[in-house]
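Presented below are the structures under discussion, each in the form of structure tokens.
Both of the next two complexes hold subunit A, though its partner changes from subunit B to subunit C.
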Partner chain A sequence: MRRVKVRLLCFAVLRDITGRAETELELADGTRARDVWQSLRAQHGQLAAYELPPMTAINESYASPDQLLRDGDELAFIPPVAGG
Partner chain B sequence: MTHLTDSPIDARALVAQVMRRSDGAYVLFEGVIRNHHDGRAVESIFYDAYRPMAEKEIARIIDDVAREFPHAAIAVVHRLGLLHVGDSSIAIVCSSPHRGESFGACRALIDRIKQTVPIWKKEKGPDGEEWVGWQK
Partner chain C sequence: MLSDSERDRYARHLILPELGERGQLALKRGSVLIIGAGGLGSPAAMYLAAAGVGRIGLVDFDVVDASNLHRQLLYGSSDVGRPKLEAARERLLDINGEIAIELHPFALMSDNALELFAKYDVVIDGTDNFPTRYLVSDACTLAGKPNVYGSIFRFEGQVSVFDDTRGPCYRCLYPTPPPPALVPNCAEAGVLGVLPGIIGSLQANEAIKLIAGIGEPLIGRLLLFDALALRFREVRVTKQRHEPVTHLIDYEGFCNPMDINVKELAERIGRGDSLTLLDVREPHEWNAGHLDNALHIPMQQVPARVEEVPRDAEIIVYCRMGGRSARVQQFLQEQGFANVRNLAGGMLAWQRDVDPTMKVV
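And now, the complex of A and B:
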């Protein structure tokens, strides 16, 4: 099966929880952003309460967690924002 | 134009940059680190951002607001990194020939920036630190 390479970025609380700012992922073709979130949840108990990612960004724009990931995509899950 | 900085914000310079000779008013908004949040003492706040996306998102919001207030000139700078009580985290300047558009544009900008720009803050006080908005 074809694989796609995706760069996962973690910021703020997610970087603290995962311990990594950036991870290279090799995923099965057909993987959706929400599938990546589920695997993060499976690895990190502190994410258990979040069945869905708070918000999802693909290639620096907000996107649906149902979006299919393509080779070369940059994926970030966006915790609740608090700018200003 | 860059909307993010790691240095203290010079609000007067921002006003000078925005003002045109046709403007009769400007509104300057600064968000300032306060010493409390939800009943807890706050000593400092660390601001983190998804920088390229935050730049784009602020630019998008400015474009939207500029369309709604076509006579307003706008500048926005958000500071990142470690800030202490009394420091300004954000400055917004809106100028216009008459005051109404400056007030309206400035209010719309800060409200929308708070909603969607990927910037986060970790508050630190005597009782520890936590990322604002994250439900454990």
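And now, the complex of A and C:
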């Protein structure tokens, strides 16, 4: 089966929870942004309460979690921060 | 018209063809309301004062704490213990005595925001919590004011300009607040002192552009800054569907739906509602004073003693300020407890708003 390479960027509290700012992923063709989120949730119990991904961007544009990922895409999950 | 002293003061602005006398006069006639005179509000207020924005309003009700000084450059060591706004006014008028500083020493609330926002051209969001960020966004939408948004976390910052008439608002980016369990408090998270200096200065930059009508405002773009990698990224954002903003709501309840406040709890105890009160403080705190009929399990022991907590009851978890109890609330929810609420503000709020004789250590 064809695989697609995607770079995953995590911001703010997600960076702390996953321990990484950037990760290179090899995914099955047909993977959507929300599938990547579900696998993060499965790996990190702290994300259990977060059913839907936070703000999602693909290639520096706001994107629906249902968007299909293509080879070379850069996927970003950007949770809100509130400090001032 | 600009006076001779203003021509001297703003000489390096006046020779910029993009700004010039027209832009400087626009700044002089302009007004900015800054919500929060802290890490972001400090550089924003100082640069706007220096730039000659004619009227600057500040909303804050805190006093200066020693732990503010590593990032809140409006204040010096001699200001510790003083109300922030008093110290801020002195500092800002020392930077520029030809402008007006207006102090609003109270919490921004749903019942005062619209009246306040109506008096200013631009709002700068420099608050430190989600309920107030949604309040600022909604109030700007309703009042038709641009919201120069900035927000920070540890080594990262976000900046954007929200203007509902021309682009997305905060709700387009974040239609629902994050789960409370994923919101670290500032004291736990920490922040690099120079970070709000960078982000707050960018907010001042955007406010100046909006008032002077120059450049390309950061509308429809979310700027992400990473101080460790020293990298700026940008995400393009368009208007998104979200709950329509028709009036201001209860933002505490919106962001923390499973919180209960002390007055509501006091009423429910008074009515004789069936509640299980769970005190998760340490023994010496419990011994100083606690709610009647509460169950006492210190936070660290909760996982081992979870069988003592009744599964079918409505549980109210409390501690001193609400932080430990929020963690226990999350733990119990993960264990399948369906109805666990956190007492907002904890025993300190109870002592302040319900029972002043309650001893809290």
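We adopt the following convention: the second predicted complex is superposed on the first by the 80 of 84 C-alpha atoms of A that agree within 3 Å, B and C clash if a C-alpha of one lies under 4 Å from a C-alpha of the other, contacts with A are read in each partner's own complex, and residues count from 1 in each chain.
As a convention for this text, contacts are C-beta pairs under 8 Å (C-beta built on N, C-alpha and C of every residue); 3 or more make two chains touch, one makes a residue touch a chain.
All values derive from a computational prediction rather than experimental measurement.
*Asks:* State whether A:A57 touches subunit B only (first), subunit C only (second), both chains, or neither.
*Replies:* both
*Asks:* Considering only touches as defined above, state whether A:A48 meets subunit B (first), subunit C (second), both or neither.
*Replies:* In the superposition, A:A48 contacts subunit C only.
*Asks:* Given the touch rule stated above, what does A:G84 touch, subunit B (first), subunit C (second), both, or neither?
*Replies:* A:G84 sits against subunit B and subunit C alike.
*Asks:* Counting touched residues of subunit A, say whether subunit B or subunit C comes out ahead.
*Replies:* With both complexes superposed on chain A, more residues of subunit A are touched by C.
*Asks:* Check the residue A:A76 against both partner chains and state whether it touches subunit B (first), subunit C (second), both, or neither.
*Replies:* In the superposed model, A:A76 contacts both subunit B and subunit C.
*Asks:* Between subunit B and subunit C, whom does A:F11 touch in the aligned arrangement: first, second, both, or neither?
*Replies:* A:F11: touches subunit B and subunit C.
*Asks:* Is A:E24 touching anything from subunit B or subunit C once the two structures are fitted on A? First, second, both or neither.
*Replies:* In the superposition, A:E24 contacts neither subunit B nor subunit C.
*Asks:* Does any part of subunit A touch subunit B in one structure and subunit C in the other, and if so which residues?
*Replies:* On subunit A, the overlap between the subunit B and subunit C contacts is residues 11-13, 15-16, 46, 49, 57, 60-62, 76, 78-84.
*Asks:* Using the touch definition up top, name the residues of subunit A that touch subunit B in the complex.
*Replies:* Residues in contact with subunit B: 9, 11-13, 15-16, 46, 49, 57, 60-62, 76, 78-84.
*Asks:* Which positions of subunit B touch subunit A when the two form their complex?
*Replies:* So the residues of subunit B in touch with subunit A come to 31, 47-50, 52-54, 56, 78, 89-90, 110, 113-122, 131-136.
*Asks:* Tell me, which parts of subunit C touch subunit A in their complex?
*Replies:* 36, 38-41, 125-130, 133, 150-154, 156-158, 173-174, 177-179, 181-184, 186, 189, 191, 196, 222, 224, 226, 229, 233-238, 240, 330, 333-334
*Asks:* Touching subunit C in the complex: which residues of subunit A?
*Replies:* 11-13, 15-16, 21, 45-50, 54-55, 57, 60-62, 76, 78-84
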